[in-house]
């Protein structure tokens, strides 16, 4: 049985006013895999990620051409509800951004937005999300204390729990481990491998090593262009394009 | 879709709310002009602005004495306020043993917060007798008005000038000092000219504030309705004229007071636009 | 030789500037001292709780206090939603455009209009045209127009202070603009908004020119929003100018000063506690 293509990106171009950030991207992501998008700084990795849940809509002057299909539906279709889309595709940013409220309220924020108000239901959702993010054991006794008191690694897992509370289908993670110590990084990478069973994950790794540890397939983005994509092992040991080989071997960075 | 429609409606409601300030401005203009223009039509703009006699009971509505009064009081206030204000702004920016700022800043904040009637009162019981005894005249004079007004506009001048000075790139100061200039020379020859447009904006706003002040001026200017000839004379300003007579004016008299309001409105609008234009320029 | 003159100028400048700063502080202290010295002894409980008698020559200022509070409440009630709404619109619903520039221009101009003009406007619009008469409502609405620009700009500052990332998080979790504004932005901007309101309260209390033309000067205890009132500032002004009673004038003046001082202290405390802390 072939894995379904969860997300298909067809000839996608993206512009900030007159500056072209992404050029003719053709890419597909399969269900329940971890796909890494790697490349040097300012290649458009974050732009590509944010295009997937249309967070780029918030930026004035943003334009695009081409299509992005989620389960076959174009996410830029006017009929597509933005709120629905963003609940199906959740995003974690590079800096953990806990909202200035309690741990419980942080995780419950999303569900409350979509209309869940019953206290009992919220408690179930919060517990399940925190368990999936491997944070429950550490915080279950202090759910109503401020989220700002958590450590960096815990805060990042809180951010993951926040999206999981909405039961999304796809997770977008933009360098989720930057600024975290190696132990927290390891625990998050482990969490991601576990989450793969239930979610499709697209990750911008902090470095190539992280991609090779965690991802199944990867794509190399250079100056807005997708140079090549393929299974992680192949990308890093036998890259087809010279540019990929140069980057992977450290000739530029 | 319902969600999208609701969001659109909410956005429109916010737009309507946001138009409130412009609407109020328009209303003010409409009604003040509505009440005052008929009189200006009746007696002619030249007669109104250049007329030297203000005798409502006889139908004479010339506001030149008030314009001159406003001009003198404001000039006097600026004469005091600009050097004092600039000096304090420099003090706060450059000369800060933090201790000094601790005393000056609250003083300035208080200066801004104290109601104008309190200033007028103090001027009345302290300044006016002083001037009467040592300099002559009725005491209730343009001089006393200028002194008090000068202090009242200090917070405006100080805060905006200070902001302008603080906004200068530190390289200006560092560069000048590196070339061997003394601290004062740096300030006088480099920083102040560089912050020029902000400082001028602060002065213009201070001017607007001075021209618009009413209560304190009623209490200490003396309110003589004749053309002032010296700083020790009593006088009226455009604002005190309105403030004093509005309580009992009717008919043409009242319209004339509104007409005075129109003149004030224009003056303030011009000053304000100038200040806004200058601060936008500074911003870029 | 040249060096000596430069050095001399430096010293003279230094001295002058110090004198300027000190004299500003000195005058401030003089003014406060004068009024508080004569006025504080007058302030006992009866002064606040009694109503004025015989044109204010005797008794207290109770009706004025009530009037002042009522007037300020009406002003805040109207100015806050309008001001916060305008700020939210400017900061969350648009970016620099003809519309936003016009609104800002209107707000800036409104801020510069002298209070006597507001008084004239309030008189002809609320008192006469809308037939509200000299009343708490007329005065309160006029004051609301006066403090609107302040509420708008302080709210804008407060909203600006909320990190952009909070909004991004809210949107990425599927929030609509309205939800993001009400749940992620405004709750975090509240301290700044409060400070702006409190500053406006201080301004309203001291305002005289606009109030006297719209709320009247009746010493009778108000019975409804349509009753005329004499606020503390107006009472102070009338006492002083008509020379009715210096003693009462000092007392009212002292009460005014203390009130304004207290309000400013609270605003500063709020500023330090919530806004400094965030930074």
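Per-chain numbering from 1; labels A, B and C assigned in written order.
The rule is simple: a contact is a pair of C-beta atoms (placed from the backbone, for glycine too) under 8 Å apart; a residue touches a chain by one contact, two chains touch by 3 or more.
Nothing here was measured: the structure is a model prediction, and the numbers come from that model.
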Which chain lies the greatest distance away from chain C when centres are computed from Cα atoms alone? A
Most central chain, Cα average position: C
Compute the distance, rounded to whole Å, between the mean C-alpha positions of chain B and chain C. 17
Note: chain C sits from chain A at a C-alpha centroid distance in Å of 48
Could you give the separation in Å between the centres of chain A and chain B, each centre being the mean of its C-alpha atoms? 56
Give the residues of chain C touching no fewer than two other chains, as numbers and ranges. 176
Set of chain A residues in contact with two or more other chains: 83
Listed in rising order, chain B residues that touch 2 or more other chains are 3
Quick check on the complex: what are the chain C residues that touch chain A? 95, 163, 165-176, 179, 183-184, 188
Touching residues on chain B, where the partner in the complex is chain C: 3, 6-7, 10-11, 14-15, 17-22, 24-25, 27-28, 31-32, 34-35, 83-84, 87-88, 90-91, 95, 100, 103-104, 107-111, 113-122, 124-126, 151, 154, 182-185, 187-188, 205, 208, 211-215, 218-219, 239, 242-243, 246-247, 257-258, 261, 264-265, 268-269, 271-273, 275-276
Which part of chain A faces chain C closely enough to touch in the complex? 53, 55, 58, 60, 82-84, 86-87, 90-91, 93, 95, 97, 99-100, 109-110, 112-114, 159, 162-163, 166
In the complex, go through chain C and note every residue touching chain B. 6-7, 9-10, 13-14, 16-18, 20-21, 23-25, 27-32, 34-35, 81-82, 85-86, 88-90, 93, 99, 102-103, 105-110, 112-121, 123-125, 129, 145, 148-149, 152, 176-178, 202, 205-209, 212-213, 233, 236-237, 240-241, 249, 253, 256-257, 260-261, 263-264, 268
